[in-house]
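Going in written order, the chains are labelled A, B, C and D, and every chain counts its residues from 1.
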């Protein structure tokens, strides 16, 4: 095992990005990563042996090279004998190595099952065509947090994601934390995460789900339990109707097309078919990772969503410049 | 009707009728008709095989162009070269074309052309069924590509997971056309499999017992049985998908007791044997090439044949490794991990035997041998990443990422296309009577080999670094930019090398130096026939005494077959004792007409389910006319 | 090919047709058995796959398929084996008159079977578009109907062929024998499907 | 090959006329006049599929159920109180109708109204066969389409020959 770990670093180059299986920022990710190191190490060793064997055969063959074609005389059976033994040794060695790797896999599986056994925090993630609906479960109904395209996790605790889908098959994959699980309509699967390092990571849908499969990302923020508690309480706070400059934007949001699909806690707008916007301004990105959150990007997205994410289900709502400015001002207040 | 007494007034080959005189008569009997009608009516396995090969290489080119377009779009983050809709159509068409329209048909092409020559007979069994299968394959490919040109190309991936490919989330006729194309190519592959199985079992030269068959013929027999047992699965799945989309059945509708995973089970039950259907003929090529260029029979003949059988058997037991992320029970997965790992043992054994053959033989490093070495170096990497993918936890990280894309390109291009290019170079003299140029061959090999590694090795790293599969673009600053650029540039060099190879083929077809019957001094029976082979392949049916007929001093032949009508000998299955004289069907256009009727029925059934009932009447008429004996009844039967 | 090749085996006295596994078309038909058998096996597997996802099978308001039509169809199908076996023996004995009569009897039985099948499809108590159960039942029945339909047309064609002057040649007898073998495969395949579709829902609830 | 080629090309061109339009995913908003919109939306499978999803999202099933009718009139029959052509259905959706049909103007965009109308018209199987989607991924408690003629209600707009819109 240690020998494999030595070889590995030179093969998985570069520090792990925010969306990389090398990140290993959770117990699950680390377990899988270590198993991958074992497999990679064994694979490199086996490959080296095969190449050496091939090279020797080619070199020996080069010495006996010949121009003329045709039969060169059937090699004597005595010459064949060592190769028969070699074949048996090779086959049994391969079987033994594979058996060892199967045992390593089984051990990792058991450890993964144990790591995800009990989870104080339950989160339901529902895949839709090209965005994620995230619901933090709580026995008290009023404390259920509904958000979209973002996932906050307390470090050092296990969180269980219950994965569902509203339309086609998606796949929740946070490479830094753990492996992926498909979200299949009509079925429920689960994914346990036990982050060990704080930071922001990026998850992405890993099963082709249509036109905007490429822009279906999720911001994962791992923070200390205290910060997580603070974020959780902030999410529970509904958004009252604002005064001043944002009031015009609020009126547009409630009376025009926005309220038909989107919901903002504490206001009449309660559409369920599009992401919940109660605390949209507190998120890092817009439209499932398509644009980083900023005032200009909000304006750019709302004015023409089809330009940013062609084919997504948000229509181009006809807005004048002033209406757009007012609406964006209102959205900025939804911290 | 009393016992069939052979009337002596028929002209038969033998000591009194041999050499040039026999050649004239046999050529007259077995030749294709002249001109276009002759071409359409042909049932000669060599012309059908060549047609399959040319069509498959055309589809390889088309699929390659799509790959180039994808690499341009992915060469950097956020490119707008292709929109999402067009890119999704392109990657689906790339996968579908390469798997259904290139890989399986090209192996069929080589098998149809070479198997009758290698087992010493004059045509495949059921040659008209072969002709029918080519027309169905051509119709399926044309349907798909015409639809793609008309913006009706499928866009749900080459395995079209439901419900995305279902009626609600794939509006229009795009996925219907994909599903119907699968039906076309599956009918074609099944027809070829049936005819090859019967050919190999019943038409071997007298004396060629099962233990003396060339390894390539063994590979094709096992592949044919795998096609027969796996293709019905995709036929059923795509018909159920078409029913869901057109007549409202509920197979995959999770709201009405259906299950999207039913599609995945049925598709991958076919999907995984399919990739072994592509790899095993390539393993057969390598065994033949290594045997010819090291001047000795491939080491461990029985071991390799058993390894081929083991691969064929195991292939049916590991399809769930494509579904490790779908949340099925973990104990079931453990079985599939074991099976997926176990399937690498037969492949490893074959690699061991090939290298042992090179070690103990006296190799000549011609171009085909370079392709074999390139194959071993590349395929072993693909095999090892395959073992990684067999382990569930690792697969959960790398499934549907560019790591998997790298894996299957290593085992499909490295494992099947490299041996195929070597095999084309090796048998080119037999196909065309001219040698491919050594120099150009070496250049295109090294160019292909190196640019292949440059294109696909970085994909391993990009996959581990988190880039999912089938994304039409990706954000900047994820650490994927340079690796994708390297892949894109190498991809163009690789495309260039394949074009160079095809150019070498085209140039050598006319300008190559004349090839003798057996330029490599190889032991197989196909090298006993002329280059290019006469329409009747062998003047006299050869008799086989051991595994390497042409290296045996004794090369006896049989005689006594009729020469003015198409006739060849059937032998018993196990030890190939001569058993019957079998008339071989005459050329006819009915297979084309039946294929056209089937095409009309298949395509119109996309638009209205009634077409299935109405459309099957012309097919029935065409098939009856195809089988109905024509002309006056012959006492000694001839299939008109 | 300058010098004379060594001629050793004379193939002239070999026969030009034979019954059973010595004939080439026999192997083609066995290959088709494998193809259709796999397709039916997978359709049955899909039926069981969908079944064990439900507590009630067939799902609640739907009654299992009507027994009368299916059972009559199965009985007649089994009875059709009698003329079928006689036709096979007549073919192997090259007894043309008997073969001609038996082929006509088989074709007539085929016509009645198709009629019974139409009635059976009508008494399934479920439409293919109602739910996955209905779809699976209709899939199996449509597959078998095409299967029996194609072999019925084959029998019709053979019956017509045997009445022409081509009928009296060796290979045509082989064709009739192999068609009889194929008919056996058709009803052998139907038995498990019949038990599964008609009796399983009644016994297992 | 030569003799088959001209026919194949002719067939393809004819197919081209219908093929690419039915399939084009033109998600950009279409600034077109009424009759151009009828052709643009009426003959396009993508818009029909989007209309099907809007039908679910905007809770049309609340009153019309899956076209069988309930509080609102059935949409699967051939009975159109306020006109069965596409522009008329769009007007019904956007401006609402007396006794119960709410106005969706401002609640959904113009294009969405046209997509919804395309789907609603397809419920009575008046759209071309090749555009209809086989079924929705939802419970199939949909009664078979009822096309038998019922007693006609007095029409608001003169009856247009619907066939003209194909």
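Criterion: a residue touches a chain if its C-beta (ideal position, glycine included) is under 8 Å from a C-beta of that chain, and two chains touch if they have at least 3 such contacts.
Here the structure is a predicted model, which is why all the values come from computation and not from measurement.
A.B. asks: Select, from A-B and A-D, the pair of chains that is joined by more C-beta pairs in contact.
C.D. replies: If we tally the contacting C-beta pairs, A-B comes out ahead.
A.B. asks: Using CA atom means as chain centres, which chain is nearest the centre of all the protein shown?
C.D. replies: Chain closest to the assembly's C-alpha mean: B.
A.B. asks: Would you mind pulling out the distance in Å between where the CA atoms of chain A average out and where those of chain C do?
C.D. replies: 51
A.B. asks: Go ahead and note the Å separation of the Cα centroids belonging to chain A and chain B.
C.D. replies: Going by mean C-alpha positions, chain A sits 37 Å from chain B.
A.B. asks: How big is the gap, in whole Å, between where the Cα atoms of chain C centre and where those of chain D centre?
C.D. replies: Measuring from centre to centre gives 45 Å for this pair.
A.B. asks: Please compute the C-alpha centroid of chain A, do the same for chain D, then give the distance between them in whole Å.
C.D. replies: Computed value for the inter-centroid distance: 39 Å.
A.B. asks: Using the touch rule from the top of the page, what residues of chain D touch 2 or more other chains?
C.D. replies: Correct list: 25, 53, 135, 137, 140.
A.B. asks: Two or more other chains touching the same residue: where does that happen in chain A?
C.D. replies: Answer for chain A, listing residues that touch two or more other chains: 167, 185, 211, 310-311.
A.B. asks: Give me the residues of chain B that touch two or more other chains.
C.D. replies: Within chain B, the residues that touch at least two other chains are 85, 163, 168-169, 244, 247-248, 250, 253-256, 259.
A.B. asks: Chain B touches which residues of chain D in the complex?
C.D. replies: It comes out as residues 1-3, 8, 12, 15-16, 19-20, 22-25, 45-46, 48-49, 52-53, 129-131, 133-140.
A.B. asks: In their shared complex, at which residues does chain B touch chain A?
C.D. replies: Per the touch definition, chain B meets chain A at residues 83-85, 88, 156-157, 161, 163-164, 168-169, 254-255, 259-261, 292, 294-297, 299-300, 303, 325-327, 330, 334, 337-338, 341-342, 344-345, 348-349, 351-353, 355-356, 358-365, 373, 376-377, 380-381, 384-385, 387-388, 391-401, 461, 464-466, 468-475, 478-479, 518-523, 548, 551.
A.B. asks: Would you tell me which residues of chain A are touching chain D in their complex?
C.D. replies: Chain A reaches chain D through residues 167, 185, 211, 255-257, 259-261, 273, 306, 310-313, 315-318.
A.B. asks: Using the touch rule from the top, collect the residues of chain B that touch chain C in their complex.
C.D. replies: These residues of chain B touch chain C: 1, 3-4, 6, 12, 14-15, 18-19, 125-126, 129, 190, 193-195, 197-198, 201-203, 206, 225, 228-233, 235-236, 240, 243-244, 247-251, 253, 256-259, 262, 265-266, 269, 539-541, 543, 554-561, 569-570, 572-573, 578-583, 620, 624, 627-629, 632-637.
A.B. asks: Where on chain C does chain B make contact in their complex?
C.D. replies: Residues 1, 4-18, 21-24, 27-28, 31-32, 34-36, 38-39, 42-43, 46, 49-50, 53-54, 59, 94, 128-136, 138-139, 153, 157, 161, 165-166, 168-172 of chain C touch chain B in their complex.
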